[in-house]
């Protein structure tokens, strides 16, 4: 028994190695070792039961899933099953396809390296191969229809005993060696293999089965539902707000402080520093920050205070210039606008911080506003600002940086408050409407969570499964 | 055209990306990968805009003789050197750079400095003198660029960046400054803690106590360290988890809402309204 | 100016000076700090330790040189642990400044594998680490999200060639290794948003077991993902690295650095306490002064 | 220049030279090192820049300003160069033109050519039109493309991993392994993984999440029960922020240790 066990372990490892290696042909190396190590003769095991094959769900095609019931001799009975080998029926025509494919791949490689040596134009040669390959692939389904003539079963892969499911998945690149074509009639067989490779029992053959890509991922229905519900909610509340319904927004301390801070800067005759963070123009925090910048710039223009906006991302710089420019225009002071209010520093995190810190100590801004996405630099900025004695207002959705802003700044917008700030500042009905929609969604979450907790406490995982999203 | 087309583009691509998520088909994946590729190609063009802005601001500062204008020379020279390293390589064996290459670099630096100096100069006599000096160096620089065969433009090889100076500047200039800037945080975190952790009110006290407890967990000599370690672990795993979840959900929802507003054209802040 | 007020209003530069002095001094002194192991770290160690020989781990060395102090020890101890156990590695460096540093680390660790070693009482013989058989180093490509998504289709999509310019197909280890389906787990060591990418673009879409080694700051942020099972384990900062070194019985950089950590923490705590004592004392004086 | 500045500057220059000489002499004794003078200069420069940045802790000074500006210039160029070679040359050029590919010495495969890649090039050039006063508005098109695509991507991404996953993982049982009070009291376990701790933990998580979410309600006044819940929410947030802060101190000091190692070991060679 000990022998058998150790041989099984050795073989398992070898099988893994074989599996990882190229193994279009059943490798005999593993079996040889085992037989020489142990010459116990084994009886053929029972075959796997109820073999099923179907196109893999929710994918882009090029995959077939196989499922079976374990052989009674796997984990019970004689316990003689070592692994299962999955076979697929290949028409001999496939070899022709492979030959052309291999030729094409080498020809292309050589063409790139400039070592392709053929008569005539090398490009025409490759083109001709490409069209031949395409043509052969298009006749592949017909070749599969010939089953069981002109073909044979070939090993796809060996899987260790105890496996009940296998996905035969190939890349979608048609030039890959193990490309798995769509819309071909495949036939599969699974062998239960014992320690002696020659002692094996094949299963029933399943087929035909075709693989193909799906147009809708059913595993993501939950997400779709949410998208639809949330989208409708937003539109509904925006409409309501447009038609004049009063919508309340609770005061947000950090935002109210902005107005005072601008006044203070004006009194002291010192500039205001606005930092947009390290986000790109596509980051939601940066988008929210643009709206706040627009408001700050407008007021700065009215009070004729100086504004400094160093940026980290060139696209953010372009957008911010646009924002500040139109804010000055709105304030009726387009002449005060200069392109150097918003400038680019560098796209390197700490070089940017070094430069902004320099500005803080040299220009001595009365107020520093940090809104957007921040990383490790948050504390460097905020502490330097505190040393320079500026009033500091910050806001970020980066969880990890919130503690530093809270500790080092006078006011901090926590997470979602940053997004809400844009609605709060603008008081535009459409923005307020979407804020209301967010709140309704949050209430729904609280409700769901409440039900979920109760159901889960009662010992059921129904609710949890409802929220599962497949990949 | 000025306003409607961009909004239409945002809507179109936004909606496509949402639908793509639900369509696993090969064709939808193909377009998706394609679009992602485009974004980063455009991003590089934007970087040129940024470099231009940096250059302009530095030049302006020198020209207007603002405070600290001297340091703008440093920035411009750093920029020039690194770009030069990035686009040149030795032609000889082993990639070693020749002396003439360094002379060429130096000529470039001198040229750059003289041009800037000349622009800042107000007295017309000295301005002319500086311009003449620039011209002399520039001619040398250009001649060397054309006739020096010991180096060439572009350096792309299979091993990556082949100009050793590029690597050296990264290792001995960028790296130490970058790492030290980051290390300043150690000091700042101490001063921030000292300055701000005062039990002024309930919220500040909670902040202070939680921080103290977690900081103590690194001290294996403290009595009751076992309890402190467990308690701070509990703090990180339980209340922390709750707060994080509340924030993450709020932020997630806010982001979704903002993305939706952007796609629907409700939020237009990013376009300068 | 009374003592307590001074205690409260002390110039920040004194704080800096004390801290610097303590750090520099303790860096010299030799002493050993005991380590307390947390389960989050232990899960990573156990998972790697129990993998069968020949399994592939995708190790993402996705940090910048500026986080080297915290994350480099993790790289060293994990890679050595994996190689000693005859596991194979696919290594990425998705941070712009990272590849050179990662390459250097790989060489260093390969060198140390050339010496026999004994960890946790098990003797490991010396062995040669071969590029393409024991590891593949993919290097850097910009826009990590795209790269993570791309590797889910096929490693060859973002990385047709490895860092050294060899086509992946010609590396023996990469044969039949297409995408995440063929790796046992992904370990991401990162100091920035790349870890978000690994969760939402990687684990979220492809569902592999994901482990994180993070800088101390970020760790707290990722506990929700650990709680929800998206992360199978995580270790934070120098302490996490020291714990892994302790579990692997491999004394390294992290445990070395722990001896500076401890006194520095004590100093900061003392400053906080001083500030509060000063604050309460001066408030009390104010109140008493008001009465009299 | 003031006299004191001249003195300080010359002292620093002298120290720099001394360090260079001394480092070069120590390095040249090592046969493994090829270019001792070059390396010694590099290490001395790195040490100088390290100390220049550290001097910022005392106050802003010319050395810091020098390091800062150098860093800005060098890093801006660094990113541009890297972006150009890896993205434009590495990804774009081989897909567009054979001439350019051979100029940049990148392998060119004419069967991988894809003329659709001219579109991002055109969009990129449109972006550069920003510099023009009259045609600047065209730059909004590529911007719209980027914002639209990433907004769509963000929309789903956050919905999936931040939102839905987090909601479903909030469904925790409030009574862990409950088998009645008697059983609970008989097997009372106070350890961190015991029934009591887990149950209390789950209560705290549930209540914490609820109260935290209440704090983030914007369209309702925070008064009464609602206000109380919101206050509990902010307490939980503050505890978390404090704990994260405390947790971070460690990492920050590690970074300093890295620099100390550099100064002591690589530069001064005080520790082997």
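By written order: A, B, C and D. Residues from 1 in each chain.
As a convention for this text, contacts are C-beta pairs under 8 Å (C-beta built on N, C-alpha and C of every residue); 3 or more make two chains touch, one makes a residue touch a chain.
Please read these numbers as outputs of a predicted model, since none were measured by experiment.
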Most contacted chain pair (by C-beta pair count): B-D
By mean Cα position, the chain sitting nearest the middle: D
Centroid spacing, where centroids are CA-atom means, of chain B and chain D in whole angstrom: 10
Between chain B and chain A, distance of the C-alpha-averaged centres to the nearest whole Å: 24
Whole-Å separation of chain centres (CA-atom averages), chain C against chain D: 14
Per-residue overlap in chain A, given as positions that touch at least 2 other chains: 172, 223, 227, 281, 284, 287, 315, 318-319, 345-348, 350-351, 354, 362, 376, 399-400, 402, 404, 406-407, 414-416, 420, 435, 438, 442, 445
Contacts with 2+ other chains: residues of chain D: 53, 56-57, 65, 67-68, 71-76, 78-79, 83, 87, 127, 130, 143, 146-147, 149-151, 154-156, 158-160, 162-163, 165-170, 206, 209, 213, 216, 237-238, 240-245, 247-250, 252-253, 255-256, 258
Overlap residues in chain C, where contacts from two or more other chains coincide: 12, 16, 23, 66-68, 142, 153, 204, 217, 219-221, 224, 227, 239, 261, 264-265, 268
Partner chain A, residues of chain C touching it in the complex: 12, 52-56, 66, 153-154, 175-178, 181-182, 191-193, 204-207, 217-218, 220-221
Chain A contact footprint on chain B (complex, rising order): 18, 21-29, 43, 46-51, 53-54, 56-57, 60, 67-68, 174, 177-178, 181-182, 184-185, 188-189, 191-193, 195-197, 207, 244, 247-251, 253-262, 264, 266-267, 269-273
Of chain C, residues touching chain D in the complex: 13, 16, 23-24, 27-28, 66-70, 96, 140-142, 199-201, 204, 215-217, 219-221, 224, 227-230, 236-239, 257, 260-261, 264-265, 268
Residues of chain D that touch chain A when the two form their complex: 53, 56, 59-60, 64-65, 67-68, 71-76, 78-79, 107-111, 127, 130, 139, 143, 146-147, 149-151, 154-156, 159-160, 163-165, 167-168, 170-175, 206, 209-210, 213-214, 216-222, 237-238, 240-242, 244-245, 248
Contacting residues of chain D [partner chain C, same complex]: 57-58, 79, 82-83, 86-87, 157-158, 160-162, 165-166, 168-169, 240, 243-244, 247-258, 260-261, 264, 271
